[in-house]
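Naming follows writing order (A, B, C and D), and every chain is counted from residue 1.
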Amino acid sequence: MSATRTKTFEAPVKLAIESGGVSFKNPILTASGTFGYAREFERLTDLSELGGVVTKGISPKPRFGNATPRICETASGMLNSIGLENVGVEGFEKDKLPFLRQCGSRVLVNFFGTTVDEYVECGARLAALDGVDALEMNVSCPNIKAGGIEFGTDPRVLGELVRACRAVVKKPLWVKLTPNTADIVALAKACADNGADALSIINTISGMAIDARTRRPKIATIFGGLSGPAIKPIALRMVYQVKRAGVPLPISGIGGIQDATDVIEFFLAGASTVQVGTQSFVDPDASGGIVRALAARLVADGITDVRELVGALRVG
Amino acid sequence: MRYFDARLDENRSLGGGYFVLGLAGCESLSAAKPGQFVMIRGDWQRDPLLPRAFSLMSIGPDGRAEVLAKTVGRGTQMLERTLPGATIHVLGPLGTAFPEPQADVVDLLVAGGVGLPPMYMQAAWAAERKVAAQSEVLYGGRGAADIVLTEDMKAMGVGLHVTTEDGSVGTKGLVTVALEERLEVHRKAGRSVRVMGCGPNGMLWAIGRIAREREVPCFISLEEQMACGIGVCLGCAIPARSRPFRYVCSNGPVFDAADVLDVKPAP
Amino acid sequence: MSATRTKTFEAPVKLAIESGGVSFKNPILTASGTFGYAREFERLTDLSELGGVVTKGISPKPRFGNATPRICETASGMLNSIGLENVGVEGFEKDKLPFLRQCGSRVLVNFFGTTVDEYVECGARLAALDGVDALEMNVSCPNIKAGGIEFGTDPRVLGELVRACRAVVKKPLWVKLTPNTADIVALAKACADNGADALSIINTISGMAIDARTRRPKIATIFGGLSGPAIKPIALRMVYQVKRAGVPLPISGIGGIQDATDVIEFFLAGASTVQVGTQSFVDPDASGGIVRALAARLVADGITDVRELVGALRVG
Amino acid sequence: MRYFDARLDENRSLGGGYFVLGLAGCESLSAAKPGQFVMIRGDWQRDPLLPRAFSLMSIGPDGRAEVLAKTVGRGTQMLERTLPGATIHVLGPLGTAFPEPQADVVDLLVAGGVGLPPMYMQAAWAAERKVAAQSEVLYGGRGAADIVLTEDMKAMGVGLHVTTEDGSVGTKGLVTVALEERLEVHRKAGRSVRVMGCGPNGMLWAIGRIAREREVPCFISLEEQMACGIGVCLGCAIPARSRPFRYVCSNGPVFDAADVLDVKPAP
């Protein structure tokens, strides 16, 4: 494998890309919540191969997460309701960041809150940490001051949240959009108009599974987030809609990515980086394997720079 | 550690939906201990998507591993249909193991249905360490179809007590009753005893309580739906005493019953 | 098989159900656009076994449908952009209805238009036809007078459309909701408030697929409707949300149904009929098989009346 | 007609990703004619979801059918890995067939790559009807790996002209060139000729135009992505002259080239 790996980096193809204020050695990132704090993968993959790592979502205080069961499998996908369990800002700085700093790839910290103030506090504190290359805002969280409606579903609310965080976050600020909307473009524009540096598209889709034997929901919280290959067609559509609408932000494509072909599809639709999520559960070495396969594939197709692919979909 | 390709060299049906998969090329599992598991995925497309956890039943010096499976859903259905010669993707060994058999302690190994593999492997370990006489397998199931591989275990020289709910083989009743009886026998004889168990969580809670009453150490191998098997997805959480949650794949699957028994789930 | 079939009908379990103003011999219907006009299945299944047949969507005038390619497979699903190809009201009455009248199961006619007037005209003419048991309104169509936004995505627009059709449709009027929304409950309420008799949940989800080799969308219209098992968790969630919100209409559950277990899941979530779609492509005899399997399953579980299952999900 | 379970009794690799599936238990296909196809799905879970269309290559009196497949995507990948003994779900025979071989007409059977099966079966039909001498198979591929089963066809007594783009076997060049040559030969000899073809749609359009120029009847078996194979999903539409759209599964796959050639898609 090391052979392949060396080959990758010597390959006559440029995978490096600058996107959303961060320069990556390649466009393959790991999606938040599916790669822990990277250390979990230390002996399961070569972290230095990755373009970047997006951490588990961080909140100001530690959270223990939801009741169990928390996950179940669905057709070509899975539902999860982990409940944003995380170590909190302090725990992150003390226990997780030191390892991340030297893992050899870019570090993007996903964060969230339950009020605008929490978001602002969390964003400001994380951005101030040395070794954090960028922040990714998870806006798929219930706004407890607004009866639990997700921040990310109303363009106006979303825009204000982004502006508030933008004011205090001195590092690149990415916003991760929820797909639980009729108009992804309106959400994207709200982010662009309020100073976001990039968009991550998409987060999980709200879904439900039932055990016919026990007559109970398969996960304790009834509803969970759908991820995996099942949602790829929806994710590709949303990435392309935002790109086609001319929203002036780079896109990190997310949703069901399993291999280099999937990566190319998201690039053609308009993404300039991608994030591998559920597939890291199927194969902890998936992202590294995709980096290697992508390089080989581009060489075979005579493509010298991965950036040629961004938005290169042929229509009509 | 990476997923590696094993070759299915045997797929032996034991009836009642139970089958044994023989996997060649598992040299990297040779240090595995009873209770540890592997994540397994066949060479199919995107459904079933996730790998499945299987306790190891044996791992030979020749790098041949065996797992025992029972068909309940899509993953086991696919595995049951997989013919010898096929490639199987395997990650492991993963998770915690049961404590080592000892010459001066009696181990009561309680197995329920498809929970047999770790107990089977533990019994084999005892035999290997020449302390088989100190191990008793208490093996329960719904009916005769749930009781498999008993000859193998007799051959190991461990004690074997079979119970079935319908009485079709062994003693009629629950394996927990047999456990109480054996504990009483050993108590009277003044022997120090450990209880280990693997099977339906319901059975595990029951034996955990029995052991607690009698103040004997108890180790149980729990099951939870898993996605990753490596401590990342946080899906296999269970409420615990030492922390709000423990993870079956990374803190377990073998737990000291005291840490996980009768823990009220965090609100 | 005839053995099984007889068994089914003699089975000591009641599958008959009255829902949305129609009495069905069993709750298994075939979903619009996946069962043609039933005649296509004459020699491929026993039509008289089915609870009901929902026809291909009918418009006032015949339509030839979209450019090709029109379909592609996705993970546990498929995308389609057939373009609502259909024979029109006249062609339907003349060429299709006579067969449907005597096929032995209920006939629900799915219909649509591109303006409110077209919907009203189409609904009125179809409802007047003898042999039509109910109408199902497909509101997932671009409103050409409103810049092509789907009628079904805005509760106010949807409500007016439903009221207008309700006024002229003297037969049961079902409305089929689009899942491309952030708030399925608001859409459901708009239908209830304006006189709909039942809700069909869900139609296909907008998606996209790209061929990395050719760099082109896999279907000619770029976007298509995602269907199949991949969407079942989203469909179940929407059915349950509408049920839990207390919307006072019976629900026909649709989305990825393949077997009797899926049917039971939709019933537990709140559906009182279900519609089998894409699975009829995988197996033309699927719906009949589900009727037989459902009867056997309920007998095995000691359930005497399928209605016991409606909304019987155990939560908490 | 219902899906029925056939037993895979052979899965023979021919190299280059080509393989032949032998299906036992296909008595109900015995009346199938060359050009007709079956929908096939293996005994797997929900991905790949849809059945795949495969032209029949042979159907014996013993109810054993054969199809030739080439691995290009997920469905063929799964089939290539399916080991003998497995259950395969089959629906058919479906669609239209090529016209019957005749004693007084020369049939030029043009096959491109994995488009061979209908032409192979048509040649076998001609042999069966003792008019093999009137049939010539013009068989083209990229390279030697795309040219399979030639011995079988020689044994049938039909003419065989092989072309490959890289010249690794047979005449270097496109099969359409060979077609022009053969048409010219037969024209000079004053024979009445029919052209039949199966292969990449691009090749089919080319031979259709050639036949049109020379005013010889031409029948081609088209491919489109299919979901149902039974005329319901309307997915396999192609623009046609006789109607805005025809459907490959129910109006085809074999069409009179005149009806589908150079038809501008409806806007």
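One rule holds in what follows: contacts are C-beta pairs under 8 Å (C-beta built on N, C-alpha and C of every residue); 3 or more make two chains touch, one makes a residue touch a chain.
Keep in mind that this is a model prediction, so the values were computed, not measured.
Trainee: Show me the overlap between the contact partners of subunit B and those of subunit D.
Mentor: Chains in contact with subunit B as well as subunit D: A, C.
Trainee: Please indicate which chain is farthest from subunit B, where distance is taken between mean Cα coordinates of the chains.
Mentor: Chain D.
Trainee: Check A-D against A-B and say which one is joined by more contacting C-beta pairs.
Mentor: When A-B is set beside A-D, the one with more contacts is A-B.
Trainee: Just how far, in Å, is the C-alpha centre of subunit C from the one of subunit B?
Mentor: Averaging C-alpha atoms per chain gives centres 46 Å apart.
Trainee: What is the distance in Å between the mean C-alpha positions of subunit C and subunit D?
Mentor: Each chain reduced to its C-alpha mean, subunit C and subunit D end up 36 Å apart.
Trainee: Could you list which residues of subunit B touch at least two other chains?
Mentor: 46-48, 74
Trainee: Which parts of subunit A, given as residue numbers and ranges, touch two or more other chains?
Mentor: Within subunit A, the residues that touch at least two other chains are 75-77, 228-229.
Trainee: What is the shape of the graph in which nodes denote protein chains and edges denote touching chain pairs (line, ring, star, complete, other)?
Mentor: It is complete, because no pair of chains fails to touch.
Trainee: If you look only at subunit B, which of its residues touch subunit C in the complex?
Mentor: 46-47
Trainee: Which residues of subunit C touch subunit D once you look at their complex with the stated criterion?
Mentor: Within the complex, subunit C contacts subunit D at residues 1, 33-36, 40-41, 43-45, 64-65, 67-73, 75-78, 80, 82, 85, 228-229, 258, 278, 280-285.
Trainee: Could you pull out which subunit B residues touch subunit A in their complex?
Mentor: Going by the criterion above, the answer is residues 1-3, 41, 46-51, 74, 89, 91, 224-239, 244-245, 265-266.
Trainee: Touching subunit C in the complex: which residues of subunit A?
Mentor: Those residues of subunit A that touch subunit C are 74-77, 79, 153, 180-182, 205-210, 212, 214-217, 222-223, 226, 228-234, 236-237, 240, 256, 261, 264-265, 268-269, 312-315.
Trainee: Where on subunit B is subunit D touching in the complex?
Mentor: Subunit B residues touching subunit D: 43-48, 74, 77-78, 81, 83-86.
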